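Letters A, B and C name the chains as they come in the text, with residue numbers starting at 1 for each one.
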Amino acid sequence: MMNLNPVLTIALPLILAFTKIMYRRIANLFLIVGSLINIFVVMFLKEGQYLMGGYRPPFGIILQVDTYALYSLLVLNVLFAALMLLVTKKAENLTSSSLIALAALNGLILTGDLFNLFVFLEIATIAALILVSSIKKYHQAFNYMVAGAIGSTFYLLGLGLLYKQYGTLNMARMHELMAASPSGSAVAVILIFIGLAVEIKLMPFSSWAAGVLKNADEWIGPMIGAIYGGVMMIVVGRLFTDIFVMDAKVRLMLSLLTLITLVGGEAAAFQSRKVREVLLYSGVAQAGLEALLILNGYPAIGFILVLSNMTAKYVMFLLAGYMAEEAGGDDFDRLTGVFRSNPVHGFAFTVAGLSLAGLPLFFGFIVKLNLLYNLMLSHSYWLPALILSASLVEGIYMLRMILGLWRLPEGHRGGLQVRILGSSHRRKYAVYTISMVLSLALILFGLAPDNALSIARRARGADTDGKPLVLITMKGGIGQ
Amino acid sequence: MIAYQSIGTALGMALFAWLMQTGLSGVDRKITARIQKRRGPVWYQNFRDVFKLLNKRSVTHGWIFDLGLLIALAGAIGTAMFMPMAGIIPLQGYDNFFMITYLAALGVFGRALSAGASGNPLAAIGVMRGLTQNIGYKLPYMVLVIVLINYYKTSSISGIAALQQVQGWSVLKMPLGVLVAFISLHGMLGKKPFDTYLAPSEVASGPMVEFGGKYLGLLNIAHEIAVFVEISLFVNLFLGGGATLAEFLLKYMAVYLLSSCLGAVMGRLRVEQVVRFYYKVPIGLTILQVLLFTLLYGGVS
Amino acid sequence: MNWLSLIVSLFLTGIAGYFIARIKPSLGAWIAMAASCAALLLVLLGGDALPGGPAWGLIRFEVTPLGWFFSLLIILVFSTNGIGSLAAKGRQHREPVYTMLYLFALAASLGVFAAENWLALFIFWEIAVWSSTFAIGLGNGRKGSVSYFGMSLLGSLMMLFAILAMGSAYQTFQIREALTTALQNPGPALMVFILMLGSSMVKLGIMPFHIWMPPAYTEAPDEFAPALAGGLSKLGAFTAFLVSAYLPISGFMGGSWRVKGLPALSYGLVLLASASIVFGTLMAIRQEDAKKLLAYSSAANGGYIIIGILMGTSMSVSGALVHLLAHALATTTAFSVLAVIVRQTGTSRMDALGGLAHRMPLTFLAFLTAILSLVGLPPMLGFVSKWLILQSLASQGLFLPAAAVVFGSIGSMLYAFRILSTVFLGQLKPRHRALQESSPGVLLSLAILSGATMGLGVYPSGLIQYTAKIEASLGMSETVQTAGLSIRGINGNLNALLIMGAFLIGMVIAGAIFFKAPRSRKVDLMDTYTAGEFIYSPELYHYGTQFAAPFERIYEKLPSISRVYAALASLTDDLGNLVKYLFFSPMPSRTALWISVVTILLIWGEVL
């Protein structure tokens, strides 16, 4: 068994990104090969800590490969590589930034150092900015830049405060010190949370997401809406579970923010009449829920929710981007019946949507079931009731959208003429394959979720209060 | 097993019902005429009418028109076969109130079916009016009977009548209720002022507009038997039935003739007036009566 | 053969059916029919002793008498409807995916009825919900499937909440165990009961939750409406039976107030169901569309079932079971007939039809049995159930609910006659002269359904004995009794065969007089007495619009509950708009402002 160094997942894309400049002709090949190699590397990673530069922690920079990081990396790289299969001429100019983005995202997951995290965050944001500017909505890109800059500043500010108080940037060390004397760190934690809240699209800070994702094409949508959002949430999951120690008051205040996001996001999505808008606002709401779980001591559930949402959103943004491109817009009326002539896309979109809405047979249901069950085990009824109400709203708008896309327009006989991707065969089959594989995976994990659940438990073992995580699995019923 | 003898009794009951009620309705015509300062026909005129009608050729509007009428008559006969009268209980143990009501309703439905099949909109309008009124008078009536069933702990009509012989008539326990039941009965009999569904000048006799010849004759038979069932029910449930046949028949005639006399001196209400009347007065009184009854006799816990 | 393999093979047949129907669309209907008929045969032959099959994780089956009864009911509905839809040439029906969704819905329902634990029940429940949602979505119109899904989701989330509350409080998901434990440790028992019953009421369309029925029944593909109305909406009753049997209100609220011997909560819920009867009947009377009329009548009939369940006496529970079957058979028949009519005439608006009985007499007879059963007249099955329910109401002294039941029965005469009179009777429109009698497949399915309605209505003893078995299996101390051919009630007996006998004797007498009298001459429908008016055309000579106008006028101001839901939806919309305006503006300065405000607030909150 090989044992590869995780730094490869960061270094390799970076190296490729710069060598690519010399070989413009085969830039796309670089991209595809690079991301595929990355998957390969991830598959041969071993858990453990990897020192960079030979210094002992907490002084040197370390990369930390635990179950959490490993499976996050796996999902990230697979989704990323799949997206790279779709590159077109348009994306050619973006090869370098894509590769850099990949490197930064991998770094975000792997790093064991808070400042290093900031660096990766900056790189990821800048790369994303370049990618976003490809949709030629410069105003929105500018928005994103401003918001991202504010976010990073807040993060850095908080980090500075923490460094001043504890004198370390190493995550593990920081946790030890904070656990020993948590008082006085609250302001810093709040600042860091706000900094990251911009990236995970929590509500008062996420106006950039609306601008960017409303116009996202089949490339930017999955990239920003699914991959970036997911990775940032994984980072939040790492920081606010493993590193920072919060007192109940801070936790409550931040939870309030996430709750507002959950409710507001669902309402905004309910109100929307465009496919991508629905997806983006529902993404905002989901982010609120995920952050809520992470903050309140359900990191394992939060983790698996992030992964399942990331996959479902990825498929949906991908297809929504294509549909919008072909039909020249994505309002419901224009797209009514589009799946009639594109049943494969329709199937994948539907499966992803149903999974997102948490209906059985699909992975999303298992996640939601465990989520509610664990909340209830701690004798909280209000939170599950609230989450279920949000689910109700979500289910309604999701199904309304999906049914609308399947339904033939009034008075229409026969199929609709909009064909998704009549133009390029390669892209067409790539989309078929990617969306089908991912949606079938959602069904597969929905039917046999036990492995996924046990991985989540391994990754995020006990919750912060030390209560064991109880899982409902399909095989064994209730288990610890 | 039901003996053949009881089926014979039951059939006899149905025949008796028709004979008596047809005769009585002749008397009714006579009385009405006298009240209106006319001489009126002889008391057996209705028998003459029926036999004359049955021997006349007529027109039909199709097989549903025929079938509906047969259902109407069969429902009426079937109902009468279960009806106890004084000590005579044709099908002992099965004279259940709900059963009789629903079987009678089947007859009504048959009549409506036949009328509807005639294709004449006046008939459909008449049926609609009839069924609308039906809600008005059946609702308080049935609620009152349900109260009685709850009180007497039996839904057998003969059983309720027998218990009243011992415990006193229901009319003493629920005077308001009996008033309501009588108003309802008056409506069921189709007497003025509640005969809007027939209203010759508005809807040309409503459901009956297309019936002639043997159809009218059969309808007449069905109607008379249905009237018998309705009045007998009233007598059995509210007026204590009868210890002897004579007592029963006396009460029967009293109720019927009272209704006739009232009908003879009243004018017809318009359909909205009927509907509003029924949904105000009888239902209001019923609610009051049920409350009173529950307070006085029902164990409130 | 066992239950698991039955369900799995139905699912697989559904998937296979999709691909086969893609190649040859006409085969789809045959596959749906064959699969459901095979399932019918299997369940009939296997009886309630059919083994559940091996456990597959949480998915475990256990066939109970109650579950078997429900399964038989739903398979009967699905298979007869499958036979009836064979000849359908409708676009929606020939969609390949229809076959798949149809069989998925059937398989999932069977899963619900035999599930051993709540989670499995919920999983299948939801599969049934979304597969039927998509099946409805294949029809015309936008509202139906969404409101069906929205309300169903509301119901299932209520159920999920209750399931998880039980699971977390008692550490078990086993159906019976969880409920009986709840009875012994009544912590969340009240909540569980209310939520579970609420979800049943949503499915059955009890009053505040009925709004999905009219649009869903109207817009569903004509071939799916019978399965939906007759079969799938009965899922709700199943959980209601389970919950009220194992977690009776008197068990956890025993000491509290009682009205007429019922705990106050039961009485309140019975009143709600009664309100549903009254409201459903009133609404049904004023509909202009036949399918909407039947939808509201379903809302009313759900009320009888809930009343029967909640009263909890042996007779009332048996009445509820029989009523369930009676209503399933009747609505399936009625919707199948409407499907035939819509296919041929393109409309289910009653005033656009008329006189169809003359073109399709056999279909009319089937419809007549269904309507008589809906009204509850003998000799149909609907009479038996109404009799049982009324008997128990009378003996319990529940006068208010009894009044509602009576109102529902008498009021149903009005709308039942309306649908008969305006669709099948009255004047035949010239454009409908060429209509055909239903195809043999439809007639076969109608014959089975109305045969069952009438056969069981005349000879209900076997059925009643089975409901007694169900009651015993649910642990009820008393069960409904039969003696020979008659059902023994608390204060009276019912011998349906005797009633039929009396009716037949009456029929013989009536027939004898009728045929003895001179033959009559057949005349055209337009050849009628018109009181001196001129008549121009059959269209103008058909009384069909605003049928019960004098009655409708009394309650024309009855508030509509769907407005409440519409208000909720627009409230959510407004909130969404507000959120978008405040937090998602394209101005970066506004975002910056929010960030500062929130930061200040948070830090302020922390420092304080």
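Definition applied: a residue touches a chain if its C-beta (ideal position, glycine included) is under 8 Å from a C-beta of that chain, and two chains touch if they have at least 3 such contacts.
For clarity, every value in this text was computed on a predicted model and none was experimentally measured.
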Chain centroid nearest the full-protein CA centroid: C
Maximum centroid distance from subunit A, chain identifier (CA atoms): B
Cα-centroid distance, subunit B relative to subunit C, in whole angstrom: 34
Whole-Å gap between the CA centroids of subunit A and subunit C: 43
Between subunit A and subunit B, centroid-to-centroid distance (C-alpha), Å: 75
Residues of subunit A touching subunit C in the complex: 139-140, 142-143, 146-147, 150, 154, 186-187, 190-191, 194, 198, 203-211, 249-250, 253-254, 257, 263-265, 267-272, 281, 354, 359-361, 365, 369, 372-373, 376-377, 379, 381, 384-385, 388-389, 391-393, 395-396, 399-400, 403-404, 406-407, 410, 413, 450, 472-478
Residues on subunit C engaged by subunit B in the complex (per definition of touch): 258, 260-261, 355, 357-358, 361, 364, 368, 372, 375-378, 383, 386-387, 390-391, 393-397, 399, 402-403, 406-407, 410-411, 413-414, 417-418, 420-422, 425-427, 484, 486, 489, 491-495, 498-499, 501-507, 509-511, 513-514, 516-523, 525-531, 541-543, 547-548, 550-551, 553-554
Residue ranges of subunit B touching subunit C (in the complex, touch as defined): 1-2, 7, 10-11, 14, 54-64, 66, 69-71, 73-78, 81-82, 91, 93-94, 96-99, 102-103, 105-106, 108-109, 112-113, 116-122, 124-125, 127-129, 131-132, 134-135, 138-139, 142-143, 146-147, 149-150, 153-156, 204, 209-210, 213-215, 217-218, 221, 271-272, 275-276, 279, 290, 294, 298, 301
Subunit A partner contacts - residues on subunit C that touch it in the complex: 57-59, 91, 117, 119, 122-124, 126-127, 129-130, 133-134, 137, 140, 142, 145-146, 149-150, 153-154, 157, 160-161, 164-165, 167-168, 171, 173, 191, 569, 572-577, 579-580, 582-588, 590-592, 594-595, 597-599, 602-603, 605-607
